[in-house]
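Each structure below is given as structure tokens.
Below are two complexes that have chain A in common, paired first with chain B and then with chain C.
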Partner chain A sequence: MNFDFTEEQYQLRDAARDFFAGECPPSHVRAMWDDQTGRSPALWRAMAETGFVGLTIPEEHGGLGMDEVDLVLLLEEAGRAALPEPLVETTAIAAPTLVEAGTPEQQAHWLPRIAAGEAIATVQLAGAPFAVDAHVADVLVLERDGRLHAVPSERFNAVAQPSLDGARRVFTVEAETGPDTAMAGGPDAAAKAYDRAAWATASVLGGVAHQLLDMTVSYVREREQFGRPVGSFQAIKHKLAETLLVVETSKAATWYAAYAIATDRADRSEAVSVAKSYASDAERKANLEALQCHGGIGFTWEHDLHLWLKRGKALEQAYGSATEHRARLASRLFAS
Partner chain B sequence: MRIICPVKRVPDTAASKKVDPDDFTLDRDSVEAILNANDEWSIEEAMRIKERDGAEVIVLCMGPEQAQTTVRKALSYGLDGAIQVTDPAIHGSDAVATARVLAGALREESFDLIIMGNQSSDARTTLVPAMLAEFLDLPALTYARKLEIDGRKLTAHRETASGHVVVEAEMPAIVSVVEAINEPRYPSFKGIMAAKSKPLSTRDLGAVGVDASEVGLANSWTQIIEATPRPPKQAGEKVDDDGSGTVGAKAIADFLAAQKFI
Partner chain C sequence: MDLNLTDEQQAFRDEVRAWLQANVPGEPLPPTSTPEGFAAHRDWERRLYDAGYAAISWPRAYGGRDADLLTQAIFQEEYTRANAPARINVLGLGLAGPTLMVYGSDEQKQRWLPGILSCEDIWCQGFSEPDAGSDLASLRTSALREGDEFVVNGQKTWTSSGRFADWMFALVRTDRDAPKHKGISFLMIPMDSPGIEVRPIVQINSDAGFAEVFLTDVRVAADNLVGELNDGWRIAMTTLGFERGTGLGSHVRFSKDLEELVALVKAVGADHDPLVRDRVARLYAETEVYRHNMYRTLTRLAGGKPIGPEASLNKLFWSEMEVRIFETGMEVMGPYAELTSKADAAVDKDTWHKRYWYARAACIYAGTTEIQKNIVSERVLGLPKEPRA
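Presenting the complex of A and B:
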């Protein structure tokens, strides 16, 4: 049995890495901190043309008809690049939820637009306080009383909330739902949407953690103290080796969760909670050690490290913290 | 119209390379291989012609079996098919021998235009496009930074040290391009997925009509006698200025005068 990704999945990952290196360098992320909307329509369009945005949308609606196992490595790359755009909300949560739980009318209206990059989708799910990028979203997938709704932008208001990460804008929403916004799927669909959200965030966290680690490894090779690179001291080496260990193993958990969602396995929610709790903790360690090993410079505005430190801190909590997912896992395991 | 884009598999430009101490050829297993960056410009130019005027675009690659990943990468940009020339006897071929093999493969093909990068990032000879033109008895418009097509007529802006000259030729012809010609696209995911199912024809030396005695390390016209690693960078001279600029400015002026710049 082959547990590895396919050659094509690795090619897509490499293509995503090249794309983000060219189109989403740290200077772009910084520019989005200062931008009024914090979003780049040009980048979103380029992402749609390349195939990121419509990846999970069936081919008959203009997408690529791929699944979570195809998407997981791309989400990691988005984390490595600290991508500001709502790829998680649109491609990993809203689009597949519309595919599985939307009415035929909702699907026909939204899916081709999302795949073409003409419509942005976000989500507001029970248990998650904020809707990311609701100010630019054309459609909101909203959970209300256990039911999902697809609410068009003219039927909801987005109220900006303070965000520590200036390139990740969060909102509360006041939405007007009705029978016409209701999606076909019931509570199961809402539960699956939440699983997708937690899993996708865990995947991005894997990339954030990896980037924090990579930046730190290059820094400690360069920074000298007592006449030698600080990375040659065991106190630093051990910290970073331990970090690599937890980051790598947390990725394995998110890969399994991707498979569990894509194949609708019975242990899907358990796999997702394992992934999100591991990924949040692994990133938290990477975050802590990266800042510690960088020393004072890691705090500064001028150094790029904080772009990932703050994204990581925001995502650790998003769609359930490590503690919340461990509690959810325990209640599921002990209930059965 | 049928366009053929010869491409090369090269070691990653950013990687440090190792040379085989016995025959001075590159140790290809020690570094990651990529598609020659200059070939991305030629592929982009061919794709723009395809999208504008309609054309079949074929990639041609001479290289070891592993070069198939390079060919697939090229196909992921949306090209229509590929020809790969692979033969153990090719190993170590210089520019002349490479041009001989590519010319052999091209003689078997119909084409209107050959577009290629002006050089490979590893060998950097810039000779192959012109040699290919010589072997095939075709006009060559090299170093093109702009290419216009009007019917069968090609007009290229050829980059020179001081600007550009406008050169013309009738198809069929060979064009080599430089970085300024375009901004290459990213391969789309659809293109990457489709690359696997595009036709790829693999040929050996016999199939392209080239004799093994004309190619390879031993039969190349260029022989490498010695190879020395680049010496480490020397530390520069540091001048401490007192803040007024007089010391620093004088040091710079003295340096430029000593180099006969001023």
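Presenting the complex of A and C:
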């Protein structure tokens, strides 16, 4: 029994932290708010070169052949950096779904291109109204009537739907599916793709929440009122202690869900719904307290806090809100 | 990451499970707050002892099994799953014993550890006083040296098991003039000493689970002092560290509580109410997160890293979660929640009441919720300290 990561997995996390600190500082995230496409091909290429993008793709297709347990800390780091690029959709969902449920032709066509950073993949699953980054995606993994399709960009149309998070780009999509786009996997492949989406988003939320808490702790230590740091007031301290509790423990949930997906445990879907509902609520708590403890400065466009406040708000709802995932848990709890 | 048990761990789990199946009494024992109940629990402890299960975490040299943390957790999981009786000497086995192993002299260890292990001696914790709760270091019960004895005067309160205990590990003031943390000592007091008067206190759950203990000119042998004179605060911090420890295996209890909640919801026909379903699912998620986090902590501790102030996070988590579980149960019962088992319309045989109130106590004992939040914010987050008198 060992509920921890290996030395290599921690090294990957550290490498990701350094990489994002250099390549994706808040100024970059802000620049993406104002950018026409909101995406940086240079950053994506660099992420592919480090192996991040192809992490879940087998080595024979040019990836690293790793699994969700390897990926989860990288996703947390992406959240801490508020990375705009579609790492969740491409690396955490579409690539492993193609690996498990794609036809040999789909795999041979897409996997090496994704691993090399030449193709971006996005997803639209479980009746979700939007797909993120469909404007730059080369392939859309789409769930239709319980079946998965890999739809190339010539076969779908994307209409931008501006998001409250300016660095996120979401789209309604009209896709033309057919026998030639169908993937090989059945309904469980679609269910698993959705589980991957919810889990990966929960992992990113863990990073977002962590960052919100870190920024807030630093701020309240410095900011003085009534002749002492505001972080010495118990009302502030207790809020942040409560936040730490849920944010820290939510990580145990997303780690376990990573393990449950990677090892195909029987409780995979429960583990995912536990993780997504709990991590969404944990981030919501961090979101509330972060702005409150910053006071007026946190309410300004100029302060970086809102880059994470808004990412968090968007991701809380993405791939199933806390309430939706609890409804899923309840139907199992009250099944018999 | 690998959550499977080794063959050895699996074998241990099977062994414990089989033993419990063969030995756990079919009917629950009478409550420990009554003399008969206490005696029945003592007999049960004796059986655990004879089978070598009294304190598997203790070193072999002291009669334990040197079990590592994971093995302890496996034992605790099985124990809880089997609905085995409540342990009555947790303060001896979990606090007094381990503290003695760190600070006791060889002579003291030989004198006290065997009795703790066999449950011949039940121990209670004499820390809190009427005017010293969260601010424990302001305690006033005094012990003055006279020849080879201490003369102890004062009052302890909220002493769990005080009514039945044979020994008390107590904090006493041995230097009135020193700064408050520096004048405290750790003293073992026989509860049958002349000058001790124990008055049971009835708790809000109607059990006489704790007591107040009056000490008037109680003469205690000087060699009952543990560690150095006036070094008791440091020793007490070690003891409290054991107390706030990981609660190994307690996740099984919460998972069971949750199962009972689901059964209650169905029994009262609330299982189609979307609000109730949402609340129960939230609690389920919390118990699961608690379980995963427990394994995370266990792995860290097994790797030799200290639990440190994160123990406070753990205590906050479980104490508040348990309240929410029982709170939901009370609410689900609606108007029936107020009925006791004496009411013929009752849907519950008092178990929810009793456990609900007891869960509330967990936010008070072993460091209140507010004190835990102070510890977390200061020692984990590094926020500035409270101004203190």
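Throughout what follows, the second predicted complex is superposed on the first by the 334 of 336 C-alpha atoms of A that agree within 3 Å, B and C clash if a C-alpha of one lies under 4 Å from a C-alpha of the other, contacts with A are read in each partner's own complex, and residues count from 1 in each chain.
One rule holds for everything that comes next: contacts are C-beta pairs under 8 Å (C-beta built on N, C-alpha and C of every residue); 3 or more make two chains touch, one makes a residue touch a chain.
Nothing here was measured: the structure is a model prediction, and the numbers come from that model.
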Joint occupancy of chain A by chain B and chain C, clash or fit: fit
Partner chain in contact with A:Glu154 - chain B first, chain C second, else both or neither: neither
Contacts of A:Thr50 with chain B and chain C, given as first, second, both or neither: first
First, second, both or neither for A:Leu64, with chain B first and chain C second: first
Which superposed partner A:Phe5 touches (first chain B, second chain C, both, neither): second
Touched partner set for A:Phe19, first chain B, second chain C, both or neither: first
Touched partner set for A:Leu240, first chain B, second chain C, both or neither: second
In the superposition, chain B vs chain C on chain A residues touched: C
After the two structures are overlaid on chain A, angle v-u-w for chain B, chain A, chain C in degrees (C-alpha centres, nearest 10): 90
Nearest Cα pair across chain B and chain C, whole Å: 15
Sites on chain C touched by chain A in the complex: 1-6, 9, 70, 262, 265-266, 271, 274, 277-278, 280-282, 284-286, 288-290, 292-293, 295-296, 298-300, 303, 313, 316-317, 370, 372-374, 376-378, 380-387
Touching residues (chain side chain A, partner chain C) in the complex: 1-5, 69, 217, 220-221, 228-229, 231-232, 234, 236-238, 240-242, 244-245, 248-250, 252-253, 255-256, 258-259, 270-271, 273-274, 277-278, 323, 326-327, 329-330, 333-334
Chain A contact footprint on chain B (complex, rising order): 72, 76, 186-190, 192-193, 196
In the complex with chain B, residue positions of chain A that touch it: 8, 11-12, 15, 18-19, 22, 46, 49-52, 55, 64
